[in-house]
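Once you scroll down, you'll see the structures, which are given as structure tokens.
Below, subunit A partners subunit B and then partners subunit C, in two separate complexes.
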Partner chain A sequence: MQLQIKYFGLLAEITNCDQETLEFSKSQVSDLLKELYIKYPLLKQKDFKVAQNHEIVSNNSNITNPEIALLPPFSGG
Partner chain B sequence: MTTEKKPKNVFKEGAISSEFIAKSIAKHQSKTAIGAHNIFLGQVRADKIDGKTVSGIEYTAYKEMANAKFHEIREATFSRFDLTCMHIYHSLGMVKTGEICLFVFVSSPRRKEVFKALEYVVEEIKAKVPVYGKEVFEDSTHQWKVNS
Partner chain C sequence: MSRYNRHIILSDVGPEGQNKISNAKVLVVGAGGLGCPVLQYLAAAGVGTLGVIDFDIVEESNLQRQILFGTSSLGSNKALAAKERLTDLNPTIQINAYQEALTPQNALSLYNDYDVIVDGTDNFETRYLINDAAIITNKPIVYGAIFKFEGQVSVFNYKNGASYRCLFPSPPKKGSVANCTEVGVLGVLPGIIGTMQANEVLKIILGFNGVLSGKLFCYNSKTTETYSLKINKSNSEFEKVLNNKENFENIDYDFNCKAIINEISIKDVSKIKNVHYLDVRELHETPKISLDNCTQIPLKELGTKIHEIPTDKTIIAFCQSGIRSNTAAEILQKHNITNCFSLKEGAQAIIEQLKTEL
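Right after this comes the complex of A and B.
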């Protein structure tokens, strides 16, 4: 599946992009994170959550939606 | 009033002006069932960090998810409190120190409801909405804001 990965806040500074398309052949969020940690080792040190369908999901969730967002701690208001 | 509505766009580009806030208040003069309004205004603070002063905050957001979360917060607030209406506006882009970046406005027939509802809405926004503030210093360096 082709995934559209979106990066926010300081994560976009680490990846040097707001979003990118990745080919993903595995199933879980944790599998995707493993691939992203190889591509961007600095991500591993950062605190963030993963959102799918505009909801925070756990690392053992299956990826079913092509749009995945990596969200550092919120700082609105 | 508590019926399902589509998520609105809560975001405004740049600071929220005092004229905009004044007009919002004036628009409620025709809603005569209201007996109490309560307003929260978030203002960008000139924090000093390691000898450098914040000159503004540049806001970005995961807009689609943020608007969905604002919508959920609205629905939850209407179900918990006896409100006549509620308005939420959040800035995107650059907001300088002293300017307003968040405007929450709740109205009810009775005052006790608006005191409780406003605190609930603001705390929910801080906890659940994917908005990011980049604190920009006077020397153009920056750091990412963390809500306390």
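Right after this comes the complex of A and C.
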């Protein structure tokens, strides 16, 4: 499946893009994270939530929708 | 009422709506980039009682985005400077300025005087404190946060809705997220996000449908992209906070500069001379420890009974499993009793140890 991944906040600074398209052949969120950690090792040190189709999903959820987002918490004000 | 004419001629507001605004009490935590526009619009709208709490002073580098302040405010406390400007903007409302930080000790009593809490802070410690105090007092929070060109807005704890912990259950690892003062921000972004927060406050006061509850709205000011995330309520996150309600004033929210707790194992206690045990369990818990050199103060009473603890002894705090005793050791350290340890094992281990010593 072709995934459209959005990166927010400082995650976008690590990936150097707000979004990208990625070919993904495995099934779970954890599989996707493994691939992303290889591509962007610095991501592993960051706290963030993974959303699929605008809803937070856990690491063992299956990826069934091409729209994925990685959201870190913000603290600034 | 000509001041509010443009509200009153709106059919969704009218004189009744303006009355609701006049009767509303809103507490804004932080008078910074977000707090300034929130305060400005709420004061202009005629919110009857407006509280502002901030311990910080106005610095020159604030003026680029904290629009309530001018060069004449430099060096003044932000809550006071905000009050001065807001009183000129709208002298018909009550403005309460609190020149202090929000803490677990003052949060609950402050919240009691207000209907809606606005999170305009710039750090995770206070955000979790704001959230947990709102769960305990059952008050809605209008949340806003920014990072460089991006902002987040949501309403938490509104009519039994999701809380901040339902989105991010625990604070990020130290160093994993840059703190606000370390990164730049285009001044208009907190203006946009803060104005959206003020809008949500007014929607809550007016009882509009479509309050931004159960959703996190994300805005990127550089790309003009928006993203909306659904937040599901997690009852267990509420329970965790409510279960710890009695001990709320003793919770350490300052997790980035956490005190170092010395833990000790029972086998090492005998190496220390002049030991005094501190039992922080509830009075009904067993096994009972009856020793001359032992004082029992349940954890939630510790803050008020510090004077009962001898200061010329090495204090060994214990509970059932070594968790409450860690909190106790932290409290002691805060009260300058630094010669203290938290027993790793718990009460049963003391009994066993006493048997071997006989």
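In this text, the second predicted complex is superposed on the first by the 73 of 77 C-alpha atoms of A that agree within 3 Å, B and C clash if a C-alpha of one lies under 4 Å from a C-alpha of the other, contacts with A are read in each partner's own complex, and residues count from 1 in each chain.
One rule holds for everything that comes next: a contact is a pair of C-beta atoms (placed from the backbone, for glycine too) under 8 Å apart; a residue touches a chain by one contact, two chains touch by 3 or more.
Fair warning: this is a prediction, and the values are worked out from it, not measured in the lab.
Enquirer: Using the superposition on chain A described above, determine whether A:Pro72 touches subunit B (first), subunit C (second), both, or neither.
Expert: In the superposition, A:Pro72 contacts both subunit B and subunit C.
Enquirer: I want to verify the contact counts: of subunit B and subunit C, which reaches more residues of subunit A?
Expert: More residues of subunit A are touched by C.
Enquirer: Check whether A:Gln45 is in contact with subunit B, with subunit C, with both or with neither, and answer first, second, both or neither.
Expert: In the superposition, A:Gln45 touches subunit C alone.
Enquirer: Which subunit A residues contact subunit B in one complex and subunit C in the other?
Expert: In the superposed arrangement, which is not itself an observed complex, subunit A uses residues 6, 8-10, 51, 54, 69, 71-77 for both subunit B and subunit C.
Enquirer: Report the residues of subunit B in contact with subunit A in the complex, numbered from low to high.
Expert: So the residues of subunit B touching subunit A come out as 42, 59-62, 64-66, 68-69, 90, 101-102, 122, 125-134, 144-147.
Enquirer: In their shared complex, at which residues does subunit C touch subunit A?
Expert: Residue list for subunit C touching subunit A: 30, 32-35, 119-124, 127, 144-148, 150-152, 167-168, 172-173, 176-180, 183, 185, 190, 216, 218, 220, 223, 225, 227-232.
Enquirer: State the interface residues of subunit A toward subunit C in the complex, per the touch definition above.
Expert: Interface residues on subunit A, with respect to subunit C: 6, 8-10, 18, 45-47, 49, 51, 54-56, 69, 71-77.
Enquirer: So in the complex, the part of subunit A that touches subunit B is made up of which residues?
Expert: Its residues touching subunit B are 6, 8-10, 51, 54, 69, 71-77.
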